[in-house]
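You will see two complexes here that share chain A, one where it goes with chain B and one where it goes with chain C.
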Partner chain A sequence: MGIYEISLATVVGINVILALGLNLITGFCGQISLGHAAFYGIGAYTTALAAQSGVPGLVSLAAAMFAAAAIGVVVGLASLRVRHDFLAITTMGVGFLFLGIVRQEDRWLGGELGISAIPAFGLSKPGYLLFVLLLALLTAMLSGYINRSWMGFAFEAVADDEDTARVVGVDVAAYKLAAFSLGTALAGLAGGLYAYFTRFIVPDDFGFITSISILSMVAVGGIGSTTGVILGAGLLTLMPEFFRFISDYKLLVYGVLLFAVMRFAPEGLAGVGRSWLARWRLGRRAP
Partner chain B sequence: MLFLELFAQGLIYGCMYATIAVGLTLVYSLLRILHVAHAGLFALGGYLGLLLTNATGSLILALPLAAAAVGVVGMAIYRFCYEPILHRPPYVALIASIGLFIALEEIFRLIFGPYGLTYAQAPLQETFAMGGMTIRRVEIVIVVGSVLILGILSWLSRHTRLGVAWRATVDDPQMAASFGISVLKVRYLNFFIGSALAAVAGVFISLLSNLVEPTMGGVPSYKALAIIVLGGLGNVTGTLCASLLLGVTEAFGTIYIGNFMDRDAIAFAFMIVVLMVRPQGLFGGR
Partner chain C sequence: MKPLLEVADLTLHFGGVKALTDVSFAVREKEFLCLIGPNGAGKTTLLKSILGIVQPQQAEIRLAGRSITHLPTHRRIRLGLALTHQIVRPFTCMTVRDNVALAAGHQRLQRVLGALVHLDRRSERAKAAAFLERVGIGDYMDHPVAGLPLGVLKRLEVARALALSPRLLLLDEPLAGLNHVEAGRLADTVAEINQGGMTVVMIEHNLSEVLRVAQRLVVLDNGAKIAEGDPRQVLLMPTVQAAYLGEETDIAAD
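Our next item is the complex of A and B:
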């Protein structure tokens, strides 16, 4: 693998963690978030500041997860107050609030110019790739485990109909907060990994567009499906590279694809996969 | 004097926001869709208005033409984009709409170039003094125009058969249908009027800055969402008040707390604070 492929694979790994985090909140627990990039950003900025003041790599990644999750719980508390479309717009607001504050804060966070010269993590590029992929694998396993556990079952109940869930004794508030803290901690981790990867961050890396592209990864992959979301994150990260030959039309293709998937296959890649599998089984059973 | 100037500034932006957000809230109240692509139609309106004004030399002619054309595009968007996914969960339409918006922005960029267009001879730029402030004619036109258009709409919704049908459908689509109202026609009308209003706002803003550019829909796309949420999602009166309130809050905010938040952050901080106190929006019913 050349240096280009290694970088690309690292970004895929980071995005898989990011998208699986959002899938926990939106896919499993049904709480739509349009501001996931803010937590990604909180993680990245925390890591950048920690690394610059000489904190070791693993500790600053842990700090990133903790910082993102702390704010995530606050937004989770908001989700107890506002619901559905109101929540979607509130989380979008959180994203803009984060961006607006970071942009104006130029003493510690560097304002529009961001933070540069972030110290290295201390691994070679292939080594860092393996580290990121290992974390992505762990995240995927965690996601699969949660989905099968009692917690996943409760998440599903909350996503389906939270009033009914409450009536049958599910502690809706606790599970929503759990989903938000886990999902945003993963976003923080992804942000920390990103800061160590590029070693240079600017506010616009964590804007509304980023939130939308994370949500797109989840939606295109198939909301609520771990395998689907991993595929979606991989596909949407690599797609701009596939379309390099039409670089000027890249975003147009992206927009049209997003629309087309929702219009023609709203259950995403996972849904398409399931229906193919079902048809194949049916075909085999038929004489 | 600064106070008055900021207030006037807020009022002008508030009127603009209102004209955009009313269309959005109309769509939401009828279909429960967060129609992000609405801001794409706003930009389309700006482009058409400018191109038609430059071609014909008359804004009076260009404005209604642009509005009507964008209204028809809005109907087409409903028919081909939203109608087939209405029965899906709400995030499906939301993401589809975001995709559509990105595609629209890109189409403008590819056709008209990334740097935007300006009027050959920008109309309504004469200034005059009033109450110690320098005011441009276009600013008066925006305020008076928005108030007039929204006033006429509200009158029509109360005093015509179509308006009554529209209000009945918003209230209870099934009941309205059982009384023989064509829900489909009401939806088309809804998209036509909402999109035409967005186009008018687009033309207004292009006059204000003498510029249309592919990304001009970016700010309204999310700010209009904040406004309709503030107004109580689907509540037209609430949306109007929220627009003016947000315009004024932003104008004052950028002066007094602009040091540690930018304009967008102020708008959303305001929205979040309001929602935490009143989760159903400022004017939403329980």
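Our next item is the complex of A and C:
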């Protein structure tokens, strides 16, 4: 594995964590977020600042998760007041607000120039890749576990119909806040991993385009499906690399892909996979 | 004996429209009370305010002596209320059985972290199966909810409410939309449940079923309580007859 492949695989791992975090909020709990990149950014900036002041790697990653989740709960509080398209606009606003603050603040956060010379995590490049992949695996396992637990059952109810969920005794507010804090903590972790990986961050890494890219990974993979979202994150990260021409038109391609998925396969890759599997089984049963 | 549910001076208006005005009534332990009245009388709004789904401007609501007036809906459910909607609201992405299993396990959902450590759904699914059999839709257990006929969904609402093991069951027109036979059977089931010791408040338009099962009636018209008491006597009252025949109650009262 060359240095290029290692970098690429590391980015895939980071994006898997990021997308699974959003899937918790949007897929499991049904709360749309168009500002997930802000929490990714909060994690990255927290880690960068912590690392620069000499905080050990694992501690600064934990700080990134905590900072992102703390702001995530505040945004989650907004989700208790507004629903659906209004929540989409609100979270989008949070994204722009984050970007605005980071761009203007040049004393600590470096303004437009961002933060450079972030200290290394202390692992070799292949070592760091393994570390990221391990965390991605743990995130995937957590995601699968939550989905099978009663928490996942409650998320499913909230996503399906909030009012009915209340009538069967679900504390809708508590579960929404749980989804937001878990999902944004994962975004914070991904941001911290990204900061240690590039060791140089600028505001644009965490803009609206990034939020839309993460949402595309979730939608293309299959909203609510852990396996699907991992595939979606992998596919959308690698596609622009393998087909260089896509890189220039990345947003256009993502847009078309998002539209195509919503129009023709609303359940994403996971849905397509499920229907193929069902057809294959049916074909085997009927000779 | 202390009443199980007490509603005092409940007033609710939506903007300038008065939906309910100074409604007071009590539900005794183990009784079967029917709430009747013409369309738009405020019956559904009354049940929704008992559950905290809509917020009255003024009211005092007590369950077993404890004030629940300012509690959020999920807390009232935990204290023993359960409601079936007139317009069915199932979880459309789940199977029929899981709709009920979620309600059967509502104790597990009380604490978010507690819900995270519980994985097993078997005992709740078994309970759900029993409730579904009880309301007569056991055959639809593993069906997805989407596309099921109204008659099945109405009974699913009842099964889901029962699965909460409530102290007081509030039913909003459970028989509407069912055919004659289905309605009779479901009314029997509800009456049986009541005889088993559960207190029931039911909104119903089907007066022959009401007369068959109700022990007491409360009649609403134009957002106010106009009568209360023994079903046969209440239905003979001139104010009640006027309300049902569509005359102005004020004139009839004059």
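Criterion: the second predicted complex is superposed on the first by the 277 of 287 C-alpha atoms of A that agree within 3 Å, B and C clash if a C-alpha of one lies under 4 Å from a C-alpha of the other, contacts with A are read in each partner's own complex, and residues count from 1 in each chain.
Just so we're on the same page, a residue touches a chain if its C-beta (ideal position, glycine included) is under 8 Å from a C-beta of that chain, and two chains touch if they have at least 3 such contacts.
Nothing here was measured: the structure is a model prediction, and the numbers come from that model.
In the superposed arrangement, does A:Thr164 touch chain B (first), chain C (second), both or neither?
In the superposed model, A:Thr164 contacts chain C only, not chain B.
Between chain B and chain C, whom does A:Ile101 touch in the aligned arrangement: first, second, both, or neither?
Once the two structures are laid over each other on A, A:Ile101 reaches chain B alone.
Please work out whether A:Ala178 is in contact with chain B alone, chain C alone, both, or neither, and reply first, second, both or neither.
second
Is A:Tyr254 contacted by the first partner chain B, the second partner chain C, both or neither?
Touch partner of A:Tyr254: chain B, not chain C.
Based on the superposed arrangement, let me know which partner A:Gly144 touches: chain B (first), chain C (second), both, or neither?
Neither chain B nor chain C is touched by A:Gly144.
On chain A, which partner touches more residues: chain B or chain C?
Larger number of chain A residues touched: B.
Who does A:Ser216 touch here: chain B (first), chain C (second), both, or neither?
After superposition on chain A, A:Ser216 lies in contact with chain B alone.
State whether A:Arg263 touches chain B only (first), chain C only (second), both chains, or neither.
It touches chain B, and chain C stays clear.
After lining up the shared chain so the two structures overlap, which partner does A:Ile89 touch, if you call chain B first and chain C second: first, second, both or neither?
First partner only.
Would you please give the residues of chain A that touch chain B in one complex and also touch chain C in the other complex?
No residue sits in both footprints.
In their shared complex, at which residues does chain B touch chain A?
Where chain B meets chain A, its residues are 28, 32, 34, 81, 84-85, 88, 90-96, 98-107, 110, 222, 225-226, 229, 233, 258-269, 271-272, 275-276, 279-281.
Considering only the defined contacts, which chain A positions touch chain C in the complex?
145-146, 148-151, 153-154, 156-157, 159-161, 163-172, 174-175, 178
Over in the complex, which chain C residues touch chain A? Could you list them?
51, 53, 72-74, 77-78, 82-83, 85, 89-94, 98, 102-103, 105-106, 108-110, 112, 114-119, 121, 160, 164
So in the complex, which bits of chain A are touching chain B?
26, 32, 78, 81-86, 88-90, 92-94, 96-97, 99-101, 103-105, 208, 212, 215-216, 219, 223, 248-249, 251-252, 254-263, 266
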